[in-house]
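First up is the structure itself, then whatever we jot down about it.
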Amino acid sequence: MPKNIAAFGEVMMRLQVPGYELLSQGNTLNYSFSGTGVNVISALARFGHNGHLITRLPANPLGDAAAAYLRKLGITSTLMSRGGSYIGMYFLENGFGVRSSRVTYSNRLESSFNTSPEGTYDYEAIAEQIDAVHFCGITLAMNEVVRQHMKSLARAVKQRGGTVIFDCNYRPSHWGENGYEKAKPHYEEMLQLADIVMMNEKDAMLTLGMSTDKVEREEQLEELIPAVAQQYGIHTIAGTHRSIHSDNSHSLRGFIFKDRTFTYSKTLTFAVYDRIGAGDAFASGVIHGELEGYPVEKTAQYAATAGMLAHTVVGDTPMASAEDILRTMTQSVGDVER
Amino acid sequence: MPKNIAAFGEVMMRLQVPGYELLSQGNTLNYSFSGTGVNVISALARFGHNGHLITRLPANPLGDAAAAYLRKLGITSTLMSRGGSYIGMYFLENGFGVRSSRVTYSNRLESSFNTSPEGTYDYEAIAEQIDAVHFCGITLAMNEVVRQHMKSLARAVKQRGGTVIFDCNYRPSHWGENGYEKAKPHYEEMLQLADIVMMNEKDAMLTLGMSTDKVEREEQLEELIPAVAQQYGIHTIAGTHRSIHSDNSHSLRGFIFKDRTFTYSKTLTFAVYDRIGAGDAFASGVIHGELEGYPVEKTAQYAATAGMLAHTVVGDTPMASAEDILRTMTQSVGDVER
Amino acid sequence: MPKNIAAFGEVMMRLQVPGYELLSQGNTLNYSFSGTGVNVISALARFGHNGHLITRLPANPLGDAAAAYLRKLGITSTLMSRGGSYIGMYFLENGFGVRSSRVTYSNRLESSFNTSPEGTYDYEAIAEQIDAVHFCGITLAMNEVVRQHMKSLARAVKQRGGTVIFDCNYRPSHWGENGYEKAKPHYEEMLQLADIVMMNEKDAMLTLGMSTDKVEREEQLEELIPAVAQQYGIHTIAGTHRSIHSDNSHSLRGFIFKDRTFTYSKTLTFAVYDRIGAGDAFASGVIHGELEGYPVEKTAQYAATAGMLAHTVVGDTPMASAEDILRTMTQSVGDVER
Amino acid sequence: MPKNIAAFGEVMMRLQVPGYELLSQGNTLNYSFSGTGVNVISALARFGHNGHLITRLPANPLGDAAAAYLRKLGITSTLMSRGGSYIGMYFLENGFGVRSSRVTYSNRLESSFNTSPEGTYDYEAIAEQIDAVHFCGITLAMNEVVRQHMKSLARAVKQRGGTVIFDCNYRPSHWGENGYEKAKPHYEEMLQLADIVMMNEKDAMLTLGMSTDKVEREEQLEELIPAVAQQYGIHTIAGTHRSIHSDNSHSLRGFIFKDRTFTYSKTLTFAVYDRIGAGDAFASGVIHGELEGYPVEKTAQYAATAGMLAHTVVGDTPMASAEDILRTMTQSVGDVER
Amino acid sequence: MPKNIAAFGEVMMRLQVPGYELLSQGNTLNYSFSGTGVNVISALARFGHNGHLITRLPANPLGDAAAAYLRKLGITSTLMSRGGSYIGMYFLENGFGVRSSRVTYSNRLESSFNTSPEGTYDYEAIAEQIDAVHFCGITLAMNEVVRQHMKSLARAVKQRGGTVIFDCNYRPSHWGENGYEKAKPHYEEMLQLADIVMMNEKDAMLTLGMSTDKVEREEQLEELIPAVAQQYGIHTIAGTHRSIHSDNSHSLRGFIFKDRTFTYSKTLTFAVYDRIGAGDAFASGVIHGELEGYPVEKTAQYAATAGMLAHTVVGDTPMASAEDILRTMTQSVGDVER
Amino acid sequence: MPKNIAAFGEVMMRLQVPGYELLSQGNTLNYSFSGTGVNVISALARFGHNGHLITRLPANPLGDAAAAYLRKLGITSTLMSRGGSYIGMYFLENGFGVRSSRVTYSNRLESSFNTSPEGTYDYEAIAEQIDAVHFCGITLAMNEVVRQHMKSLARAVKQRGGTVIFDCNYRPSHWGENGYEKAKPHYEEMLQLADIVMMNEKDAMLTLGMSTDKVEREEQLEELIPAVAQQYGIHTIAGTHRSIHSDNSHSLRGFIFKDRTFTYSKTLTFAVYDRIGAGDAFASGVIHGELEGYPVEKTAQYAATAGMLAHTVVGDTPMASAEDILRTMTQSVGDVER
C-alpha cells in the first residue's frame, strides 16, 4: 500500500561538464537538481508511494526550474515553500579511470534552504500528513537554524507515530576542524529520534567515538552496530560496504541489522556510469522494504540492486521502478529488451 | 565480380536517446534509418556489390529523409516505391552494464511497407535484374499481404536461377500468442525456396518444432541443422552463437553448414559499442563469401569478423569495407592508424 | 481563487528538427509533448489554478516520458489513465521566411487516447472534482469512440453546474472529403453543451454553414457570432484575427462576445519565434479572465498578450505566468531584466 | 522528360562554426560538402533529372565522407574518380547584421581535383552519356591542368550535340594580380563553346573588358549582354541583380536574354538564412527551364524563386523540389503546413 | 604605441541557456567569464595594448577555468591573485522580441573578489607598471573592503601620473533602498580621482542629485555634463544614448565632452545578437582613442562602431579588432568576406 | 624554481568526430590545436614554468583561433610569429575496441610553419631568453628549410649553455621510401646537439641502424641505449615501453638512462580515454624532473604517471598539474573528490 513519505533536505543544482572534459577545457554544462532527500523521495515515488519534499526554494527562475525538475521526478510539491534568494550548487567534472571526479561547491550556506527562518515549516501540519520522514547528516552539518527545523520536525513525526529515518552521511568538509567532536551531540540527538538508520561501522567509530579491537570491516560492523541499536533504541540499521576496482567497476554489499540479526545481500559487482547517488538508492530500497513489510532478505537484496542500478543511470537520482529492480534481481546480464 | 543483390524489407526509423539517458530524462534524439534488409545490403554495397532495396516509403518528408539516408549508405534506390502514409519507427534507450537497452516500437503495421497493395512490386522485372535476394523472418511476421509479396518475389527469383537468402530471425513479440505454431507453415514455405539460410539450433527447435536429446548447444546444432538442410533442400545454413559477459564484452562464434560439413570461425571476444545489427553483418559476410566463392573457412572467419566490427560502430548498419575486415582478421588490437 | 480545471484531449509527441534543417539534412530531433489540452491546462496551472488532463497514455517508456513532461509543466496527473500501445507523434521542420514550416504526422488514430475503450473515464467522478472542462475540435475529428467520451463527459460536467469550454479548431486534413458536412452535427452537439466557445466567423461559415453578404472580416464576425451565441445558447464566444507579415512578424487582435457586446483587444504586432500554440494561449487567457471575473476589457487584453508571449517561447506550450503577462501589458519593448 | 546532366567541378568541404561564434570563440564545426557543380547538379536531381558529378576525390576517409554526402544529395557517383591525397576545404564564420561572414580557405590547389593527371577523365565516354554539362569560372581559375580537362570535355560534349553551360563566376582572389587580363582568354574560349551562360554586365565589363557609357545597371546590362551573345554565339544568357538591405533581407531579380529579348523575373525581397549558394540555385532553375522547354517567363520566375528558396535553407546546396518552387511562386508568406 | 592598461574588477561566470529556452525548459548551459573590466581590457588587448586584470579568483577548478578563459581573451594574468572560495555567477535566459532577457545572480558578495582581504593588492607596485586603470560603478556597489581597494589603487595610479578611468554604471539592485543616497559620496570620491569618465545625464541627475529644467535628453546632457566636468575636474566625459526598436534592432549614438565641447558620433541603427556588453565596447573605444591621440571625431565614431559590433557577437566580451572597426566605419552592409 | 622553456614546432589543428562515428556518418567536428611542442610546453607551464612556443601561424581567423587556444593552455605567445597562409590539420575518427582510430592529414607541407622563410626566427635573441628548448623528430621530417631553423636554433641554445632536448619520434609516413636512410644523418646531427633525448631501443635500431643479438625488449634497450649515450655524448636518455590490452587498457613503463644507470618506473596499467599525446606528457615529466633536480627515481615515476594521466583526459594536451601527478603517485583508484 502506498505510503505518504517526506524528506527534509536541500535541493542542489548539479552543473556537470558533459563527457570527460575539465571545466577549463569545456564550455557547456548539463544541469539537473538533486540532493539526498530528492534522490530518496524520487525513488520512493517511482516505487509507488506519495513522495513529498520539505524544502525551500528561491522565488526566481532557478527556483522555478528546480520545482519543475522535481515535479518531473514525480515529487509532490505541496510541502515546498518559496523564499530567500539562492539555490545551492555544485559543479561536477567526471573522472575517468585513475583520474577522480571533482566536485566544486558554491556558497550554499546562504541558500534559501539554509536560511529558512523560524516559522517556515509547520511541523505539526506536516507530521499529520505523512507516514514517514527522512533526514540526513549533510543537512545536520549546515547550521543551527536548519538543525532546529530538523529536530523539531523529527520530534513532531515521532510523537504522532510516524517513522523517522536518519542517514548518517558524514561529510568531513562540512564540519571543519574537530568535526567529529562538533557533530557527535547532534548525531546522538537524531539517533535517539530515529527508527531506521543508515550507517556502518565507520560512522560508529568516527562520529559516535566508539572503539573496537577488531580489524576486519565485517567484524567491526558486527560488534559495533548492535551496540548502537541498543544504545539509541533503533529498530533497523542498514548500510553498505563498497569497493572500487581498477577497471571502473564497483562491488557493493548491503546489510540490514534488525531483530538482533544481520542480513546481507549478495556482493554485486558491476560497471559504473555515474558515481553519485547510489547510497540514496540503497536507502530508498531499505525504506520501501520496511514500509511494505518485505522479508528482510528480500529487502537487503532489493536495496542492493537498487543501489547497483543507480550506478547505471545518468544523474544523481535513481530512475528504476520496482519492476526494474525485481527483474534485475532474477535475470542475467542484459542485452536489448524489445 | 560485383553482383546485383537486393533485399526485400521494411525501412525503420531508429530514434535513439543519445548517451545513457532514458526517454523520460532527455530531450533530444538521434535518428537514422535501418532494418535487416538495409543493413545487409548496405554492407554488401560496401563490399563492392550493387545493392538494391525493394521497399516502399511514404511520399512525405520522412520518406525523403529515409531515401536520402539509404543513398548515403550506398544503396541503389531504383527498386524503391513511394506511397502510403507512414514509416515504421522504434525508440532506443541505451543500456549500461546490468541495465538492458530498451526498444519501444511505433505502430508499424500501417507503415507504407506493410500496407503495400497488390501490384506494388513487379516480381518478374525485379527478378530479371538481380543475382540474389534477401528476406527475413521479421517481414514474414507482419501480415498476409506482405507475406504474399515475399513469397511471390522469392519464387520469381528462384525460377530465374537467382539465389534466395532467408534469415529466420524469429521475434516472439511480433507473432503473439501461439506464435511458433502460426509461424511454422510460413517458415517452411520460405525454407523450401531458400538457397542460403541464416538460423541456428533454437530456430530449428522452436520455429520448426524439431527436437533433440542433446543438451549442449553445439551438439544440438550438429544434430539438427543437417536435418533441416536435408528436409528443405538448403545449400548453405549459417549462424552464430553469442554470449554476453559481465564486463560489457561479447563473444561470438560463427558456423557454416555446407556440403554436409560444419565449419566454425574462431571464437571472437571483444568490447561492444552498439548491440544492434551484428547478426546482419554476419549474414552479409556469409553472402559475400558465398557469392565470391571464398573457401568456406575464409567465409566463416570473414563473416564473424564483420559481425564483430559491426558491434564497434555507431548505429545498426555495418560500416566496414572488405579491406577493413580482411585487415582486422590478421592484425592485433588497434591503436591509431596515421 | 484557484479553480479545478481539466482538459480532455490527446497528448502528442512533438519531434522537431533543431534549427532550420530539413529532416533529410539533419540527424537529431528535440522532443517534447503537447496538444491543445496540454497547452491550455499548463497555462492555467501557471496562472495559479489546479490543472488536470484527462487522457490516456501507453504504459511504456514513451508514456512515462510524456507523464514526466506533463508533470514538469505543472499538470496534475491524477486523471490520466495508462493503457494502449502508442502515442500520437508529429515531426516539425521549422520554416524560415518564405519557406513554410512543415508538419508530418504519425498514424495517431491508434494512439492510446484514440483507442481508449468504453469505461476508461469515470465521467461522474471526474465531473465532481472539477469546476470547468476544456474540449477541442481536433479531438472531435478523431473517431466515434473518442467523440462519445467527449460528449458524455461534457454532459456530466454541465449537469453538475460546471463550465464547458469548446474550441472549434477545425483542421481540414482530419475530416477528409466533405469534411464540413461530416463535422457539422458533432460541432452543433458540442456548441449546445458549451458555455465558453473559441471560434471566429470562418468557423461559423464553414463548419456551421452560415452565410453573410458582408465582405470584411470584422463585419462578418459582428453579424455571425451573435447569431451563433443565440442559436446555441453560448455565454461567451472569443477568438482572434491574425495576419502574417513578410518580415517574420505577426499581428494579432482578440475579440470577446459576451452580454450581446463585442470587446476587442489592441492589435498587437510582434516578432515570432515559434508559430505553434498561440491560439491555446489566447484561449487560456479568456478562460482565466472569465473564471476570475476580470472585466471583459482586461480579459481581452490579457488573452491577446498571452497569445503574443506564446509566440516568443520555445515549444507549443505557453510558459508565461500571470505576472509576466500583466507586466507585458504595461511595459515597452524589453531589454535585459537584472 | 528527365535528362542526363553532369557538372565538372571540385567538391569542397565546408567547415562551419555553428551559430554566430568566431573560430577563436567556438570549439565545434558542422561539416558538409559543396561546390558550384555539386549545388547545381543536386538541384537538378531534385527536379527529377539524372545528375552526375565529374570530379576526383581522395581515396581516404574524407573522400568517403564526401562521396556519401553527394549520394545523399541525390548525385549519381558513376563519373567520380578516386585518387590524390586531399580535399579542398573552407571554414565559414557566420556574420550577423553589420558583421560580415568570413571564409578562410585551405590550400586547395593540391586537392585531388586540382591535381587530376591527364587521363583521369574519359571525355568521349562521358560525352556519350550526357545531354548537358555545366562548368564554372572558379574551376577555370585553378590551374592549367584543370583548364585543359575543362575545355576538352566541353569540346567533346559540344561535338556530340550536348548542351554546354558556363557560369562566369569570377572570384578576384583566385586569379591574383592582373587577374582580369589573365582570365580573359580562358573566358573567351569557354564562351565560344557555351550554349547557356550565367553572367551579368559586370562580367562583360571586367572579365571581357567591354565598355559602356551607361550608368544604370539595367541599361548597362541591356547594352552589353546582347553584344556578348552575338560575339560568342551564345544561345541563352541569364543572371541576377541582387541587393542587400540593412535588415538582413535581400532583393533578387533574374533576367534571361534569349532570342534577342530580355525577360525579367519579379523583384523578390525576402529574409536570408544562408548567404551562400543562391546563384547556383538560380542557374539550376534556368537550366531546368531550358531543358524542359518552359516558356521563358516561367523559367525566369522559376529560377528566381529557386534562388530565393536557396537562401532559406541550411547549407550551400539548394533543397527545394520543383513542387516546392512552383507552390512558392503562387502562394503568400507561409505559416505551418500540416 | 601600445600602453599598459589594467582594470580592477570582478570576474563573473556567465551561465547562459542556449537558444531561447527558459531555465525551467532546458537542461544545458553555455558558460563563459566576463565582467566590465574583463570586457574593456579584452577589447583593448585586441586593439594592441597590454591588458591586465587586477582581480582575485578562487584556487579551485572554477578559478582555473576563469583564468584560462581570460588568457584566451588575450588578458595578461600577472596581476591576478588566487584565494577565497567562490566566483560570482549569473544565469542568463535570452529574451525574444517582446519577451525580455532575464538575469539571475548567485550570492556574489562572498566571491573571492568581494572578500579580498587587506594586503591582497600591492597598489604601488601595480601603479608602477601601468599607464591607465579602469574602474566601474558596479564594483563600487559591492562592499566597503572592495571600495577601499578601489580608491587606494586609484590614488596610487593618479599620484604616479597614470590615467584613471571611471565608468559610473549604476545598478539600482546592487545598492538597495535609498541607493542613490548611499552611493553619492562614493561616486563623488571616484569622480574626483578620475580623468576619463563614462556617464550620461541620468547619472548626473540620479547619482549626483543634479537637476535641470530641460526635458529633452540631449538638452539635459548638454547642460549637466559640462557642470560635472567642471565640478570634479574631469578631462573627458563620454557616454551613449540608446533606443530599442520593436524589430529587435537598436539605435546608438555616442558623445564625448572634452575641451568644453561636445562631439557626437553618427546615430547607428543595427540588428542585435547579444544585448550585453556593448557599453563596455564603447568605453574601450573611447579609451583607445584617447590613449592613441585620435581626433575626437574619430574617437567618437570608433567607439560607437565598437559598441555596435559588440552587439553582433556571441557573449559579453567584444571580439572586434581595430581593423574590423575601422573597416566597418567605412563599408556598407556586409555579405561574405572570401 | 620556474624555468624559461621553449619548444620549436608546428601547431596542428585537430578536427575530431565526436563520439565513435566515422567521418562518413557524422556532421560535426570538435576542434582544438596541438602538436608535440604544444603538448610538452603546455604541460611544463602547468608545472609552473614559463612556457614558450616558437612557431609560425597564419594571420587569418584560423591563426587567431590557434593563438587564442595556445594562450588558454598557458603558453606564452611572445615567440610566435604570424605569416604564411595555412595551418596543418588532421582529422581524427575515434576507434572503439578492435576498431583502430584513424588519422587523415591535410597537406601540411605548405603550412605557415613549414614555409617559414629564412629570417623568421632570431635564433640568438631566442637563445638568450630561454633555459631549455625542445625539438622533435616530426619537425625534422618536414623539409630542409625547417631542418635548418631547427639545427640553427639548437646550436644557438647550446652555445649559450641552455639545455637542448630532442624527442626522436620517428613517423614512417613522413619520410617516405628509404626513410630510415634519409633520416639518419639528420637524427645524428640532432643527437650530437642534445642533452636530453627521448628514444628507445627501436629508434636505435631503425633510425640509427644499430644492431643487437638480444631478443627481449629490455635486453635490447640495456645494450643499445648506453651505446647511443656514449657515442653522441647525451646526458639523459628516457623513454617508455607500452602495451595495449584487449580490454581497452594500456600498460606503460618508463625508463631513464643517466650516469650510466637505468632507472625504471613501476609498470602502470590503466583505462585509456584518449590515445594521443601520452608520450609528450612523459617527456614533460622527464624534463620537469631534470630541471628541478628531482632524484631520478622520482622523475621516472612522475613522468610515467604524467603519461598515464594524459590518457585519461580529452585531447592531445596533458591537463594535469604537478599536484595532480604527485597525488596520483600515492593514492589508490579515485572515486569523487568533494
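We just call them A, B, C, D, E and F in the order they show up, numbering each chain from 1.
Everything below uses one rule, namely that a residue touches a chain if its C-beta (ideal position, glycine included) is under 8 Å from a C-beta of that chain, and two chains touch if they have at least 3 such contacts.
Since this is a predicted model, take the numbers as computed values, not measurements.
**Student:** Strictly by the touch rule at the top, which chains does subunit B share as contacts with subunit E?
**Tutor:** A chain counts here if it touches both subunit B and subunit E, which gives A, C, D, F.
**Student:** On Cα atoms, by how many degrees is subunit C rotated relative to subunit D, nearest 5?
**Tutor:** The rotation relating subunit C to subunit D comes to 120 degrees.
**Student:** Could you pull out the chain whose C-alpha mean position is farthest off from that of subunit F?
**Tutor:** Most distant chain from subunit F: C.
**Student:** With respect to inter-chain C-beta contacts, which pair, C-E or A-C, contains the greater number?
**Tutor:** Result: the pair with more contacts is C-E.
**Student:** How big is the gap, in whole Å, between where the Cα atoms of subunit B centre and where those of subunit F centre?
**Tutor:** Result: the chain centres lie 46 Å from each other.
**Student:** Using mean C-alpha positions as chain centres, tell me how far subunit C is from subunit F in Å, no decimals.
**Tutor:** 63
**Student:** Find the geometric centre of each of subunit B and subunit D from their Cα atoms only, then give the gap between the two centres in Å, rounded to an integer.
**Tutor:** Spacing between the chain centres: roughly 42 Å.
**Student:** For subunit A, what residues touch not just one other chain but two or more?
**Tutor:** Correct list: 22, 24, 27, 68-69, 72, 102, 247.
**Student:** Which residues of subunit F touch subunit A once you look at their complex with the stated criterion?
**Tutor:** 72, 247, 249, 269-273, 308-309, 311-315, 319, 328, 333-338
**Student:** For the complex, give me every residue of subunit E touching subunit A.
**Tutor:** 15, 18, 22-24, 27-32, 60-62, 64-65, 67-69, 85-86, 89, 91, 93, 102, 104, 106-107, 110
**Student:** Which residues, counting only subunit F, touch subunit B once they are in their complex?
**Tutor:** Residues 19-22, 24-25, 95-103, 105, 171, 173, 244-248, 275-276 of subunit F touch subunit B in their complex.
**Student:** Which residues of subunit A touch subunit C once you look at their complex with the stated criterion?
**Tutor:** 68-69, 71-74
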